[in-house]
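The structure under discussion is supplied below as structure tokens; questions concerning it will follow.
Each chain carries a letter (A, B, C and D) given by its place in the written order, and its residues are counted from 1.
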Amino acid sequence: MSEISTSAVSSGAAPKTSDAPLGRDDLARLVARDIAPGSFVNLGIGQPTLVSNYLTEEQDITLHTENGMLGMGPVAVGEQIDPDLINAGKIPVTELPGASYFHHADSFAMMRGGHLDVCVLGAFQVSAKGDLANWHTGAPDAIPAVGGAMDLATGAKDVYVMMTLLTKDGKSKLVPECTYPITGVGCVTRVYTDKAVFLIADDGVRVRETFGVTFDELAGLMDVPLLAG
Amino acid sequence: MLEFKDTVAEAVAGVQDGSTVMIGGFGNAGQPFELIDALLEGGARDLTVVNNNAGQADEGLALLIKEGRVRKMICSFPRQSDSWHFDAKYRAGEIELELVPQGNLAERIRAAGAGIGGFFTPTGYGTMLAEGKETRFLDGKWQVFETPIHADVALIKALRADGKGNLVYRKTARNFGPIMAAAAKQTVAQVSEIVPIGALDPENVVTPGIYVNTIVKVG
Amino acid sequence: MSEISTSAVSSGAAPKTSDAPLGRDDLARLVARDIAPGSFVNLGIGQPTLVSNYLTEEQDITLHTENGMLGMGPVAVGEQIDPDLINAGKIPVTELPGASYFHHADSFAMMRGGHLDVCVLGAFQVSAKGDLANWHTGAPDAIPAVGGAMDLATGAKDVYVMMTLLTKDGKSKLVPECTYPITGVGCVTRVYTDKAVFLIADDGVRVRETFGVTFDELAGLMDVPLLAG
Amino acid sequence: MLEFKDTVAEAVAGVQDGSTVMIGGFGNAGQPFELIDALLEGGARDLTVVNNNAGQADEGLALLIKEGRVRKMICSFPRQSDSWHFDAKYRAGEIELELVPQGNLAERIRAAGAGIGGFFTPTGYGTMLAEGKETRFLDGKWQVFETPIHADVALIKALRADGKGNLVYRKTARNFGPIMAAAAKQTVAQVSEIVPIGALDPENVVTPGIYVNTIVKVG
């Protein structure tokens, strides 16, 4: 599977940062560390929400939730729970000082107008050109539901994907072309997986670092040509 | 003319068979449960309903769907762990679904209220949800043509109304309320409190009374 | 000039309400009286602003000013003057209880979305089909300026025009076709003049009432076919 | 990254020759006079300026025009009793004018901030100002295609900012501020007061800090 990639670049050029694949929390910590100070960020439902646990006060990140808020705080517990204060996953959350509320058109205008610095999303597949598939399995009997996924994918300045690299069947989710219905065209800029961090660059897919695998081993898992660092 | 009604039944009396009804709320936040219950009681059928979701569990919009009163849903996220009534109707082919990306849903509702006949947006370009739609390359991106969503009636929930019909909301329960109020021919707001004219700071009014026709206090 | 109109309808069918042409204030009083209770109204710059002097408290009219306010009160005097509180004519005004402020896009969305019940505008010309010309004389050396005129003309449910019927040269401003550049197509629903009130109806221009002239005399002043009441 | 500057000169340093600059205000209400003065001092030229008017009397934008620093005005109402500097430049053929109906100006600015590539509106249909523009029959009316107005820098005036850059305005001085803040790559706000984070009620924030890059306190 790895002919193109291993022939195209010298192996080992992307550093193997850890000896084992990263767990979900370590991956979330890594994504959190990579977000520039002062950024406005939207964290998608599911795995991406873990990122909020690792953002530091010094980073001064402002979280957006597309149902109409900037300055979202941690998940609400106990008496903090307020049915009028929820996130896009409909989970009760809290409000931080300096927050603001706005209606849905204003909230999506904020996303669609390119004002969010980063959004972090889960994915079924990402293509080598940065196409994202994360809203629909394509199964004929599935009831389709899209929510704000397409707006986030299209609107944020940077779209980071967090996912396991392989499906349960051992197939790479970073693919030459998405086979699932896509969410957005060429929108993903980085892919954070348990085995490696990939940068979707103009000249191809770069491997920034690997976890528990060498560059060559990684290349052997996928059909996508890989470039080092 | 602004009207204050004593009961939710009177408040939703304007909904007729075949009406397009916008219902505010995202999840339970901002959902006008009492107005939806009144709609259920009222008996109007063959409705087109615009809401972000397609009902949850065994209450509100979900019951309206269960009772076969909704001909068509326009929404962004019908499939939820507890959307069993919608799921059943959909699989039985007994309800039509227009699935709209959430931002397009919001912007199309806003467009209706703002007198915009259509607009181009990059959201959805190249996806199943833009199939058959006009596209155009604008501002360096491929964009898709989308049209406004108008309604006969909007049912929304706000925190507080003054005697002029000005509304303020509470936290993320604001969501679709302000844009739906502007997109419908007739807007019905259920509120927790009615205050005298002059009690709301004009700087902080979110929905000016011009967009509100009927107010009913609940709870 | 009046062949069509006088032959088309019986003369005298529109009541002569007063023996003399109406003055500006009487005309403003008449317009004010005709606005339905509870209406949201925008009064254009110039003569239309006089209408506000004759709105009664019982009518409960809410005035809109397109620079971003509902619930505008009378012109500010003395210590009421606040440079942050002006109308569309840039005149300091006051705020009534129940007012609200909003930004320009929201304010024009209100106008353009068809939410204002009535706007009252001045005009250079109105055509028999309700085309309005009130923004540009068409003079080649004129510096064009349009402001919110086109939005008001197109957006309000009813557009009332207030003007003298005749130019200083004695020519009717209610014309078969506008010769000045138009502001909006088929948008005017009523024309209030010193000599008559005209309704722009589907079947033509109806004369609701006349002031100081008979229907026939009125018809003789214009090239537009007139229908009675 | 949000920055608080000590002087208006530093605040407008991002305006370059050839920049498109949006300037808030309707008449004098909401005009950021101090920022305009700093722009005049700063020397940037060949500017495209977006403002509702084209300068009044002998101050602010009027002086910028007088000094020949404005290549093009995009506005709705240039001709006023005291717009003599614009009038002179225009008659001399030394300034370009794009005249835009006021609602189109507002909506086009809003579109830029909201990522809308273009929209159809009935305003202007059949008039000189729609000549040569695409038209389409939508929602029962002829409508005209209009495109967004983007800017490099927006100079606006607000009443109060908090430490996160959230802004509130005062009365009709709000006008173009919120939409210009969203439409420009870089937004500079002059404010009368800076308050600590948490001092503004989140329900009442008009311009969230995400739209603001630079804040300077004046007066």
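Note that in this section contacts are C-beta pairs under 8 Å (C-beta built on N, C-alpha and C of every residue); 3 or more make two chains touch, one makes a residue touch a chain.
Keep in mind that this is a model prediction, so the values were computed, not measured.
Counting C-beta pairs in contact across B-C and across C-D shows that the higher total falls to C-D. One finds 35 Å separating the Cα centroids of chain B and chain C. Centre-to-centre, using mean CA coordinates, chain B is 33 Å away from chain D.
In whole angstrom, the spacing between the mean C-alpha positions of chain A and chain C is 57.
Looking at chain D, residues 107, 110, 114-116, 121-122, 169-171, 202-203 sit in touch with two or more other chains.
Those residues of chain C in touch with two or more other chains are numbered 69, 95, 101-102, 108-109, 111-112, 155.
Taken pairwise by the contact criterion, the protein chains fit none of the simple patterns, being neither a path, a ring, a star nor fully connected.
Going by the touch rule set out above, the chain pairs that meet are A-B, A-D, B-C, B-D, C-D. Taken in their complex, chain B has these residues touching chain C: 1-2, 110, 112-116, 162-164, 166, 182, 197-198, 200, 202-203, 205, 208-211.
Note for the complex: chain C touches chain D at residues 65-69, 82-87, 90, 95, 101-105, 107-109, 111-112, 131, 136, 141-151, 154-155, 181-185.
Across the interface of their complex, chain C is touched by residues 26-30, 52, 76-80, 86-87, 90-91, 97, 99-107, 109-110, 121-129, 142, 169-179, 206 of chain D.
Within the complex formed with chain B, the residues of chain C that make contact are 37-38, 40, 62, 64, 69-71, 95, 97-102, 108-116, 155.
Residue ranges of chain D in contact with chain B, taken from their complex: 107, 111, 114-122, 136, 138-139, 141, 143, 147-148, 150, 168-171, 201-204.
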